[in-house]
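By written order: A, B, C, D and E. Residues from 1 in each chain.
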Amino acid sequence: MMKKVGIVDTAFSRVDMAKFAIQQIEQAKQICNSELTWLKTTVPGHKEVAVEALRLLEQEQCDICIVFGWVGPKELDLTSAHEAAIALAMAKVQARKHVLECFIFESQHEQDALFEVASQRAIAHAKSAISMITDDPAWVVHSSIGDREGEANASVLEAID
Amino acid sequence: MMKKVGIVDTAFSRVDMAKFAIQQIEQAKQICNSELTWLKTTVPGHKEVAVEALRLLEQEQCDICIVFGWVGPKELDLTSAHEAAIALAMAKVQARKHVLECFIFESQHEQDALFEVASQRAIAHAKSAISMITDDPAWVVHSSIGDREGEANASVLEAID
Amino acid sequence: MMKKVGIVDTAFSRVDMAKFAIQQIEQAKQICNSELTWLKTTVPGHKEVAVEALRLLEQEQCDICIVFGWVGPKELDLTSAHEAAIALAMAKVQARKHVLECFIFESQHEQDALFEVASQRAIAHAKSAISMITDDPAWVVHSSIGDREGEANASVLEAID
Amino acid sequence: MMKKVGIVDTAFSRVDMAKFAIQQIEQAKQICNSELTWLKTTVPGHKEVAVEALRLLEQEQCDICIVFGWVGPKELDLTSAHEAAIALAMAKVQARKHVLECFIFESQHEQDALFEVASQRAIAHAKSAISMITDDPAWVVHSSIGDREGEANASVLEAID
Amino acid sequence: MMKKVGIVDTAFSRVDMAKFAIQQIEQAKQICNSELTWLKTTVPGHKEVAVEALRLLEQEQCDICIVFGWVGPKELDLTSAHEAAIALAMAKVQARKHVLECFIFESQHEQDALFEVASQRAIAHAKSAISMITDDPAWVVHSSIGDREGEANASVLEAID
């Protein structure tokens, strides 16, 4: 059965993350035993991604969405991102479908690292989205592996004998 | 098809931002291949904009709304604006339509700059609203251009070769 | 057409703000060309105003509500008021009707000024409520006048020629 | 007509507040001209009280609920209580019925005072609940009396002549 | 009647808490007079647990859910966990069923203690879940016992004679 990934990005963003996500989906098409397709739209900023994701899930038959947000370095930018995240919580709970949030916070990274962080996270979120909608046993969300979505995994903790 | 922009502003505001947004829409009418119209109402303060936007979207057939809020300089003003933003999140998710938030925070700007910031942002939000509802290919929301809605764009980041 | 203002106040409050609001509505009856009426109920504290306002709007046919809250001076009182405000956001968005919030924060005023602030704000919110529901052209919510609901207006900013 | 008070408490709590609330309701039965009854259930912690209150209001025909929460002394306990309060806001607004929140914050009181504070507040909230559901004119929620729910009332402010 | 526990964990987690919860349910099957079963799914991170829990409650006929989240040590991780908790509040209130939140905050524990804390909490939450859905009188949620879900109980406070 065809599976459709909705992708929402913003004019505000400084890195074209959707491009990397789409490349990943296109690659996955070759090797995944589910039929995959995608639909992308752009909104001005992260305050608009919740309604747009809801539109893709409810009106465009997407099975899952990835939203790419970019958060400026100021204190108020963090508040604004928090409000956007609450709107996303409303949207995904109302749609009963997953919306993966890939938000890059400028204040958390060196300027020189931003492009690499953003592009790697975009790819990791695209892989996660595919794993969540496909029935292909080669694509699965693994439990408790310390996965950090594009960065090195955290160590897994076990009982000390 | 006629497209209608709802505009909500407040008695609290110190700059008539709606006026600039309406001028922008009137100008756009001349050059945009969609029929555009607008409807404006005023409420006391930003705590009222969510319900008013919902009214314009649901009862007055607006396709999108822009809400103009003005946030005073005190700590509690920030809390109040945050609560207004959460109400807006509820309203837009329930309406399944976009509501662009143009809030001016006094604490973030020099007094002398407030008028210029507010009027430029009003114009930028009006342009965004038009781009989101029209089918005219000349009006489009561009992806990942570092757009800062009335201020100079942020630089776009690319891979370093 | 008869217009009805719902008024909710609390046992917690230290000033009988509802009394001033009702006096204002009674005065307005004489000079406003709409028929006005009101209904008042009291709840223990501001955590109860959202449900009570919803009850007045949905079951008692009120066209608008004013809720009078009183916020103590402690840090946790601010958190509690924030939670009350979020509940109010939910109530007004669900009712699709306006609920004007007149909350007095003890921490923001000198003790000696509290009575005056509270009574003036109550009157100002009553005037706002009437302006929002009446069709009388003498009662209108003016746009962008720096209105501060019972305190001196803030200055309006214009372009510098 | 029979009126039913729902009571929700937690395993987490260090004081059996529900016991005091139930004693108060049993006493009130003797002197209140409404028929009163109550139903009590226990959940693990305050994160569960919202759903449980909703269950009592919607499925067990309770007219009102009192929820007894206990908040530990750490910073994260405050965040958790805030999240519980937001869930309660959702529950009461959806049920269109009142849910009185009696949360004890350990960080706000001396250890030696906690039992007294908790038991007095439980009694005060039970009285409030009865006042809100009975038609007995002897039981009423008084407006603007500075009521502090189990502690000494705050002073009422009047105009200075 | 068969009772079904939904279990949601994440790829992000560093401890396989679901494993301990499932062991506890399997043990309980031997000694509890209700028929118990469980269903487990894995999502990328805690931002996804609300929708997944809602899916298990609404579409997979689970009677209750336990969600296992893992919160990193940074300030933004706390904000993200708070947003996840608000989404969970929405999900459980909409489903009218309980969702037990077992979130481990790295910032609150020594690294060496994390495995023990996480595994003990997982077991405690599984016991709570069983107590909430079974009719077996041997499994009950006790009122006001200072229960700390996997850690030593807090002392219970009584009246001083």
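Criterion: contacts are C-beta pairs under 8 Å (C-beta built on N, C-alpha and C of every residue); 3 or more make two chains touch, one makes a residue touch a chain.
Going by UniProt, the chains are A, B, C, D, E = Riboflavin synthase.
Please read these numbers as outputs of a predicted model, since none were measured by experiment.
Undergrad: Starting at subunit C, figure out the least number of steps needed to reach subunit E through touching chains.
TA: Tracing touching chains, the least step count from subunit C to subunit E comes to 2.
Undergrad: How many Å are there between the centre of subunit A and the centre of subunit E, using C-alpha atoms for each centre?
TA: 26
Undergrad: Take the average of all CA coordinates in subunit A, do the same for subunit D, and state the distance between these two points in whole angstrom.
TA: Centre-to-centre distance between subunit A and subunit D: 42 Å.
Undergrad: For subunit A, which residues are shared contacts with two or more other chains?
TA: Only 86, 90 qualify.
Undergrad: Starting at subunit A, then subunit E, how do the chains run round the ring?
TA: A, E, D, C, B
Undergrad: In the complex of these two chains, what residues of subunit B are touching subunit C?
TA: 9-18, 42-45, 47-48, 50-52, 54-55, 58, 70, 72, 74, 76, 79-80, 83, 86-87, 90-91, 94, 114-115, 118-119
Undergrad: Considering only the defined contacts, which subunit B positions touch subunit A in the complex?
TA: 78, 82, 85-86, 89-90, 92-93, 96-101, 105, 108, 128, 132, 141-149, 154-160
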